[in-house]
Amino acid sequence: MIRFQNDYGEGAHPLLLKRLAETNMEQTEGYGEDRYCRQAAQKIKEQCALKEGEVHFFVGGTQTNLTVIGSVLRPHQGVIAADTGHIQVHETGAIEALGHKVLTVPEQDGKLTAKQVEEVCDRHWKDASREYTVQPGMVYLSHPTECGTLYTKKELEELSAICRRRGLPLFLDGARLGYGLTSPASELTLADIAGLTDLFYIGGTKVGALFGEALVITRPELARDFRYLIKQKGALLAKGRLLGLQFDTLFTDELYFRISQEAVEKALLLKAAFLKKGYSLRYDSYTNQQFPILPEKDRKKLEETYGFTFWEEMGEGKSAVRFCTSWATTEEAIRQLVEDIEAL
Amino acid sequence: MIRFQNDYGEGAHPLLLKRLAETNMEQTEGYGEDRYCRQAAQKIKEQCALKEGEVHFFVGGTQTNLTVIGSVLRPHQGVIAADTGHIQVHETGAIEALGHKVLTVPEQDGKLTAKQVEEVCDRHWKDASREYTVQPGMVYLSHPTECGTLYTKKELEELSAICRRRGLPLFLDGARLGYGLTSPASELTLADIAGLTDLFYIGGTKVGALFGEALVITRPELARDFRYLIKQKGALLAKGRLLGLQFDTLFTDELYFRISQEAVEKALLLKAAFLKKGYSLRYDSYTNQQFPILPEKDRKKLEETYGFTFWEEMGEGKSAVRFCTSWATTEEAIRQLVEDIEAL
Amino acid sequence: MIRFQNDYGEGAHPLLLKRLAETNMEQTEGYGEDRYCRQAAQKIKEQCALKEGEVHFFVGGTQTNLTVIGSVLRPHQGVIAADTGHIQVHETGAIEALGHKVLTVPEQDGKLTAKQVEEVCDRHWKDASREYTVQPGMVYLSHPTECGTLYTKKELEELSAICRRRGLPLFLDGARLGYGLTSPASELTLADIAGLTDLFYIGGTKVGALFGEALVITRPELARDFRYLIKQKGALLAKGRLLGLQFDTLFTDELYFRISQEAVEKALLLKAAFLKKGYSLRYDSYTNQQFPILPEKDRKKLEETYGFTFWEEMGEGKSAVRFCTSWATTEEAIRQLVEDIEAL
Amino acid sequence: MIRFQNDYGEGAHPLLLKRLAETNMEQTEGYGEDRYCRQAAQKIKEQCALKEGEVHFFVGGTQTNLTVIGSVLRPHQGVIAADTGHIQVHETGAIEALGHKVLTVPEQDGKLTAKQVEEVCDRHWKDASREYTVQPGMVYLSHPTECGTLYTKKELEELSAICRRRGLPLFLDGARLGYGLTSPASELTLADIAGLTDLFYIGGTKVGALFGEALVITRPELARDFRYLIKQKGALLAKGRLLGLQFDTLFTDELYFRISQEAVEKALLLKAAFLKKGYSLRYDSYTNQQFPILPEKDRKKLEETYGFTFWEEMGEGKSAVRFCTSWATTEEAIRQLVEDIEAL
């Protein structure tokens, strides 16, 4: 069985493991105050072209999301998100467990729009009874989205503009950020994202690390006392160096970007094969996740050899499924799968 | 200006005020442990035909809802409600502030159905990734609904049945329960409701009291340690006797039902007048709230003399509005309004 | 049985009931936006000599405490209080239920001192590991304290000064404030308290009202979005006028102060009687609560006729008990009790 | 500088790193549903002599503590702990952030006693006003304690007995459990602990792993829906295999016990050296943490070469400090430090 279910099925890129082994017996400060964390943060800030702001490292995405959102909002505020947003559908109510409502808007290819954010704000602030409803307090989006789609530069600029006008911190979940930045369809650089958002994270777990997400807080006032929050949520790793070292390695010689790009290229080979075969796609993704719509017979055939994820019933005996590539996907696996698609 | 905006514009039914004055200098236990609370609870249990269970008194509805829901759910559970449910739209995220998600389903005339509850449960329990989503933990509904509509006996029986099969406590918000029980369209008695739900409250604030809601917990295991919860949420009134005395009076000689019925009759006079005039209704309500759809001109005309609430734009220059009656609505006010409707 | 257990055993001062009856059929706005609330707030601000700031009305003390503290603190912050503070010992963990730790210091006659606050801050800010501990975020005190004692003007000035230097909002719980302000031992006026604290409340429940606490927020920035918080905590009374009207009446012709002063005078007659008889006192209170230490025999004797509260075992067969007076305590009751003390 | 500050200054025991490298390219299920997690859980249950119950893996201790405590308690309940307990002093209010009070008792050599637990329960349940206070809902202790001390078998049996009589789940924080079980002073086996507690965790972060704690829930009813809670708190590691593999390795061929025992032996060499030199000890520890009380001059001298932690001022110019050993402490480092102690 060759697994394409997700992008966290293997361990870490070998270079990261190698660095962990090399530095294993070094004695360092705990809790993220070691030189590797400092070095990694410095490299990330440089690549983000940030002069101020802070970088903090987390083990996982849900942890990052809940720590950030809990830090930013006051008790009567909620976070605006697409109704397919990860915080809305796949974190067991982690945001509500902090005390905050997720204010959803209907997704558009997995994205939300500046117009939707504006409407939520208008509806709230024009309502004479607004004190009986949750106040919009920030905006959450994923890039790439859970559907593999990408915000255009214009879309993110508009979102950024409306957020700033309305005083809403804009938080970008970049669990798969590498696959977005290196997509041929990408219009955004890391520095663009740093310039347009208030907080965002660079995903490591799904992009070559054993685990780890690097949160970038671009506005210093949002970083106030942030380490207290990390500790309170149980998110401060004792051996923080493990996070620092992995991100230091990923952001040396562009490793993060190189492995992301390779994974995207492999995914696009799959996409081309599905399209060539005449299948339609649930989302038009240019990143490492692909969502072909398969007839049952073909789906079953592929399931004999490959692992992939059921996504959604599409009617007429067809269903959308998800194939993921990653830094660990081999050329051999892709070649074989492309052949098997062609042979369907 | 004659106000029909809501059913809490005046103080209390005069009989309640009279009893408060008569007993004012009596010395009683505090915090709901006085004889008036005991008496009122006893009368309510009798009218509910309950042999076990408990009655607790609250000052207001949001307070009742949040104390009940916070007591019933475990941290990873949410409460199923219609998307127009009061807890979803008009309590400033009080449920989320406790840590729980509201799991909404599309309202059907302000109601949710047994089928919807079953679907939410099925979707959850059939999902292999269910641990990453919020588990349905109870069901919340309002009767009458926020739209003035009523559950039929069959609808409530079906909801009760599915809730019991799925182990979900069923909680009925009866902020306007009197107006439901005494509607000519009502198929349900107080004893029916006590038999079909696990927790429900009998609204006093909107039905003749200065303030107060009587929560009935029909299953003893759901009442365990309940007074701790009331206190923790700041909901334990020092002079609890005020609640006991008011409900004791309301449940003596059927006062609660008599004043509710009169208010409903008055509302139905309005309904008849609007229908006779050819207006359609946003909801087909047989309770104390009426929702005519008025052209702008007529709405403006009525606004010169009457207070009522804008509800929703209906297009073509029309809007739905809400008129409420209550124990305090005078015959004179109704007669005048009916005449003015006829004269539009 | 003549009850001296507490100061909330009866209903309301007759003048308040009279006003409730007189205005009962008036139609007003709900949720505290009526003219009585505005009028009461205005009168209170005047007596506080406040040009800015806001007044909000609550039904009870725990509700007020939890709404205020939840509004002021960020998630990693706690509230400093004496270990006998009401929020620490008698609110079923309401503050923790919001997510915040109570940072206790040992009481000194029920009070905390500026020095203690400074020490808590110093210990925190000098600790290299402070991020792993709760950050002091505000200070809570009661005046009079739960022990009937009073802060001197100097003590409150020092507390205010240290709080301002350290950026900690100072919140004063005035559940029995009237009995403090009118004590012969009082060094503080309402305007002094408004000038020295950032938030405080004027208790009504224990001082003549059916229920009600008037929260004064002296610094506008602490009042931001405050009504959202009140609603979310279930603390926004539908018929808010009941609160406005009661406080309007209490703050007309100094009613609040007159009834407080009478209660204190009666309490001091008891104090004198106990002292004359040779009993010692658990606390040297000059307010409406008195804490004599009685031998068992005398305690039992008094219990035949009077209700009062056991406070604490004092050893050698003696125990401290509490007698409370209030606006409702009659001269006859005091005279009889004084005689019975003398006859012990 | 040779570091004795803590037991998490290096990476992982080399055997664990080796296994991570060997299995790196294997594709496994995510989120702890892989074969390594199953294998590790099975081995742990066997060594605990448990027929039922569950094992779950966490990345860190605070995360484990907050997930467990939040899962066990109802909203009005608190957790009993020594006032030196980690949850009370070093987790930034993580327990309160869940909504729960820590009910502290004075530590006795870092421990709490069955008698103290009984007293807290008695005080609560005998209090007529208990509903206004937090109900004891579970007991938390550390073994070894934060002070390096150990519960005797009798002490833990008594605690277990009182907890069972009072219906309080007993939770043992074993962040340094290995150092306790292999201490020459230990009276307890892993199976003893599994038999006497309801939940406990076996610490990996401080005992040879890169990170990781293995939570053992000995009573199935406490494990209900537990994975939802782990996910909600952001504690479900995507590549859960990393935890499974490390614990599988630690619990193969007794690696966990062997490396713990060596670290304890090294610590006891230090202890002997300090005692021989005439220093007294802050706590009489037989585990990997040692707490000598040093005169300032000697402390400064040692600080030239060694890293260790200031613990507490002891007066007369002396201070208690902490030296930790671990699996990574070399014989050479110990020999050198012993010599330097002797030379003081």
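Think of it as A, B, C and D in the order they're written, each chain with its own count starting at 1.
We take it that a contact is a pair of C-beta atoms (placed from the backbone, for glycine too) under 8 Å apart; a residue touches a chain by one contact, two chains touch by 3 or more.
None of these values were measured; they are calculated from a predicted model.
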## Note on the structure
For chain A and chain D, the touch-path distance in steps comes out at 1
### Query
Comparing centres built from CA atoms, which chain ends up most distant from chain D?
B
### Task
Find the geometric centre of each of chain B and chain C from their Cα atoms only, then give the gap between the two centres in Å, rounded to an integer.
34
### Query
Which whole number of Å gives the spacing of the CA centres of chain A and chain B?
43
### Message
Centroid from C-alpha atoms only, then distance chain B to chain D, rounded to Å. What do you get?
### Response
50
### Residues of chain A touching at least two other chains
75-76, 91-93, 97-99, 131-132, 228-229, 231-232
### Task
State the interface residues of chain A toward chain C in the complex, per the touch definition above.
70-71, 74-76, 98-99, 131-132, 135, 225, 227-229, 231-232
#### Entry: Contact set on chain D toward chain C in their complex
75-76, 78, 89-93, 96-101, 129, 131-134
#### Entry: Touching residues (chain side chain B, partner chain C) in the complex
2-3, 6, 8-12, 14, 17, 20-21, 23-28, 30, 59-67, 91-94, 97, 205-206, 210-211, 228-229, 231-239, 241-242, 307, 328
